[in-house]
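Shown below is the structure under consideration.
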């Protein structure tokens, strides 16, 4: 029996006991009339399907996102690994497990990243954009540094929004220099900081901080409209000139580029155009990075839903030794 | 010389003097170096192109939407009628003309229509929707009853928004009865009243009330986002429950149906779905009605931009004498 | 053992005996070489999957649409209920069951609806349209009042075509008044009555009247082309003027709106345009109504195929108590 | 002064007198108030724009498609040649001109082509298809051999439909041999003969036989639906089995391939699939052939509307001397 | 026990021993922890799924495309036949089986077809095209006559590329005569011969010659770009004039017609246009022919992926007895 | 009379003599039979339309791209300035004008940029990519540093390709650091350098170095296919491993992103994905920059063809004074 082994280290045939996050839980009945439980177990290293045969306890869909203690064996089902649980129960206060082991988190130092963003905000010359950026961050500092940037278990992790925004700000700062003729750095950086901030309201968050679903307003309004709305209110509160407020709202509303991809309007100023392309770069590179964690060099992935095609990881990608 | 004849009554060769609205004014110079003025003259009956040869006065693009006094002759240019002005000057206070003759207006009794809408609002059972509808109308009563529903001279006229909204409310009321199982009448009527109300901010209005252009925020944000934003603020002010506010915003954001036609989100509740289809019916019937004003029975129109096809007016459309 | 319980009332674990309609029947063999039978059982309240293990009798795909007597137990398979049949046989003449319990039917009084349509036809002022409408209905009265409006078990039920057409005529009558300037009521009502009448030839109907498949001509020609064809022949028989025949055919051919949705031509007259939009309204509202039968207030549906999105049923939709 | 010179032989500066077909005639007035006439003059060799300054006679749009006698000079306008008419009048009975010089006609021997088609029909083994093909041709023999295959002056000429159909039959006959396993030659040839036969009803024809416009039913129904309709009626008259009639109708309805290009249904049998591709081949090769009449070897055409791209005529296309 | 029976002759319940090609092999483990092997067995008559329960041997994905000897029983799984193997091992040199029985091959005489193509090449008048065609065929003669034209087991078989190209050359030769005015026969035939020749580099071929996957360059460059590249190099080697080389490359690059279907450029000369349409004809007729091998007359197929629709095989397709 | 004044400084009414580049030259004839010449005059500051009334000299379309000496007056035509030339002749050797005044050129120091690129190439660790990049640049150094990046007079200027590539390399270098986990810097920089290098063969260049048209192979093959072809040949010459050659070719072939925008394949490796997005950023920012040269702050542009929308230049874009 192996204890508290991480999901990515499990091998076929291992007997395992440990704590994991349960999702997609569903109570079932066999043709022979026996009840059983299916679901997904995950920790920060990955996830795998679980089945608990002959389970007639109380765990069910209402426990999605909670931590369970399981004991069982790693088998295979339709060419994927599967966890066959002999025992399963909800974790309680007396159990000793570390939440940070269970939930995938961005590989970053969150406090350092937040301080970097503070410094960038301080560097804005335009008082209006600087005040609004600082105040928006002050109000959402906690959720902004905690939540994922997307819902899916495979693309979303704690601190995902912070990491995504910080990376984009880094690029925005660089490109503001290269295209200083057409780009107002203050506007670009302020709009970049704000562009996804309403994601905190778009998701329903689990006890451990993951996005397990979309909220009602997340689905009926969307984070771009909500983000523009909150920016409009804040801009009025801080007495920003009308045009500055409208430009920031426009950047948030248009950052998906095309209506078919969720933009309420298409980008019509240089800063909105650039914000959209920086967002594309950082999302795409993230998809490649996450795909590479399981894709060997010199091989093709399966079709990637978000790209609608498969990708290739070059065999020749070794870096030169310094 | 004919005085104050209306545009639709002008014939080729007529010598005319009168007051008209000037739009699309542009100062030009001939190959021979002579300056002249071009533009469009209109009154409520229609419009025609104008040219003032050898004009070197001060009238120009900055006078678009103003009233001018002209004297000249109706000629033809590239198979369309054209007005050749011998004299043209801006109208001033002493001039005697009636604004209501110059600007096309909806063929309705505006006060009666407003009262009908008041009565419909009073008939809402849900207090929240009733209060919000009444308050929104109270705040925008004047612009709501005055402005056109669209920018184009040919599809937009004074009172256009009021006429469009009243016609849609009439249909919404009827269909609420037919589909009472799925439609919440209070929500549908409230959303219908609000759906285009932000058009007042989307346009730049001329002195006489016509939409001569789009405003900055009209172009960068759009009337659906602005309408949802104002509704959110008003709902908060009136303490509406969160879901009611979200549903109203959703209806406004989705009433164009598909993202490619300007919907920030696609309709996801029955009332939003129906609002979109009622809007389609009333806009399309209006296009047919306006096209019929110049299209003889038994003939085809040219290609209509908004429909991307031509239409046919049946020869057999005579109504039965009662 | 429960007798003749309806599908919607079955609970997990119930032991049941009764009569149901069999569809999608298929003979199978297990890996161990044992034969079994799968299929779907339905009555007017709903349907569920069935499996009869160790069945080696004669029932098979050729019995789709027939009534069977089954005895078995309600179990669960992949999170859906499933009926495990211990016994199954075709019903015969001596069996006592009521067909009206087995086949879903429109919640309407068919005779009353037919009489309403007769009255509407009598109200047409134009003799040509009136005669053609009356004669078309006389010829198809039985199938018109019996068949579903669509093939799918979930969207189609006995009397579906009658209910759909009557609802559309109701709206068409109302809108003819609102848009009397552009709409010829006689043409609109006549075209609305005829628009789906060829569906009787588009389907292959089961013994109990349901659409179990499309006919050869239904697939190779389609109901719009067949409907226009029959209308052309009838119009010639009744000596209608050429243009009236062409207009009716055009309305039938174009009522799906766009070529990609099955329109042979796009609508080019006001009545065809309106017919298309009324059809959209009634189909969409029906989809919401049918989805609401199983969707609780305050929740989202799964993705609905016909709409290509999910829908939300508001929590606040309670009607005001009078 | 040059007499009866053909359009393609006119050079800039030529003084000319002769007979031509007038189309697109329009009465105009100059800014200075002088009336004039514009239009297009054509003979079988080509066409050019015409203007008759200071013309105040009675010729106008109602004379489109008629023959006129003109006298004038070939000048240039916006880089195209233009005919400046000093005199213009309608031709009358006493005038001596040959219609065959004025209207472009297919470079074929119409009688020989018709006889070839007769022979092909005789070769059909299936009596039903043979009888229907023969009877359809008998009824439309005259219009079938006379009319163009399309409306545009540049793609349509007398005998165009006959030439297009005969060329397609030739290919269909060849491919029936190559794909004898999947293709029923009798069905393919019969469907090919019928596929465009309703074009005679789709056009409004000029006195000289050209398609000057579309007819009412041509626009509201289209030639595919009308062709299928007539075929259905004829098949019933000749007692064809139901499936044969449905297959022929299907081929006619689907021969444009995709709904967006005018197909009422997409091809679903091998013969319909092949008919569509043969139609593509013959139309496309015709477009190249007609473009080559004015395009020098080794150069690119302008953008061709029907192809949505430009084409290249190779410099190396000289045929080997035998 | 039946020996060496072909896949298409297997019946449910048969006990069988014989040699087959293994593909899609995958090692699995049951919920109970037992290992087993799944895969597909095929011979030239067809294929079926295989499962070997309790298999713990060494056969796995790395053996795809190899020949295995199996012993087992034909059962059914989810309404398809399945082979339950009791024994399975790789074939070795001592085993007596005939490769030509195992791999599907085109129903043609390959040598005869190659000689026909040689004759066609000899008939080209243009020396440049004749030399290049002959040399290209000389270099690829073996792979050209061996490989399939596509990857899928159902559309690809040995000699498929040769059969496809020969059929297309046959049509190209015929149409060169019909459209001699616009088509340069030498260019068309040469381009047709070359159009798919790079498919040998696009596939990864199995030991028996089937395309089991795409190669790295097949996926990152595609056969049209590789084919154009090799043609460019060969043309330079043979000193073809620049334009001839460019035209051939253009035909290869554009033969898929539209960018969305894989054309690097759209066809811009008559020969490229025709090549594309001939390719369409031969691929489509092949799809019908292959579908007909299992589709009874008078019935519809399921949806065919490559056509995005189902097809109908007419009941009336019997050929006339000569 | 003003001498050698630049186009952007010309005012209505100015009498001017000087040297300009002539393009779009066309010989015309008035209705009255007089010949004249039209065309476009440009220098590096801009361009304007020209007309030379009563011109009967030898200048014509064959002189496009050459330098002319003109004398005339700036007038207005359809709201644009137009140059009315009284005299026009081709410049000859004795004329004293400076080519660099006539042709727009990138606002960069070309030698410095080239040296920067040399340094970047030297920094590549991978010998293969470094050698290939250096050799490709060595062979094309002159044309690479001279030619525009696009054909249009308004988007293309001398040194345009160098400026575009250098800017992209700058961004690529920066992003290689940010995404070091997924991006091979050597591959990305090498592919970026090569991506547009074949533009020199895609254009027909004027005597002064501007792209006045596309070449034959530019139109029939395109610069992406030609670029991949040359890279393949060079890689073979330098003995690069197969995969490195394929990856570079893939980046060039896919750098337009989607087939509808000219990509022969869609990007399938991280470096190709990023190259495409960097290309988007630099092209879009260039469009904004060029539009801003004539667009005042606080106003909207007209619709920009390449973006299919208009853009807004913010009023608030003033930079903070340091």
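Letters A, B, C, D, E and F name the chains as they come in the text, with residue numbers starting at 1 for each one.
In this section, a residue touches a chain if its C-beta (ideal position, glycine included) is under 8 Å from a C-beta of that chain, and two chains touch if they have at least 3 such contacts.
Keep in mind it's a predicted model, so treat the numbers as computed, not measured.
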item: Any chain that touches subunit F and subunit C; value: A, B, D, E
item: D-E or C-D - the one linked by more C-beta pairs in contact; value: D-E
item: Copies subunit D and subunit B - interface residue numbers shared by over half, same or different; value: different
item: Distance between chain centroids, defined by C-alpha means - subunit B, subunit C (Å); value: 41
item: Inter-chain centre distance, subunit E versus subunit F - centres from mean C-alpha coordinates, in Å; value: 45
item: Per-residue overlap in subunit B, given as positions that touch at least 2 other chains; value: 216, 219-220, 243, 247, 268-269, 300, 312
item: Chains grouped in pairs wherever the two touch, ordered by label; value: A-B, A-C, A-E, A-F, B-C, B-D, B-F, C-D, C-E, D-E, D-F, E-F
item: For the subunit B and subunit F complex, residues of the former touching the latter; value: 26, 28-33, 216, 219-220
item: List of subunit D residues in touch with subunit F within their complex; value: 12-13, 51, 53, 73, 75-79, 82, 84, 300, 312
item: Complex contact set, residues of subunit E against subunit F; value: 216-217, 219-222, 224-225, 228-229, 232-233, 242-243, 246-247, 249-250, 253, 259-260, 262, 264-265, 268-269
item: Subunit C contact footprint on subunit B (complex, rising order); value: 125-126, 167, 170-171, 174-175, 178-184, 186-187, 241, 243-244, 247, 266, 268-270, 273-274, 277, 280-281, 284-285, 288-289, 292, 300, 309-317, 319-320
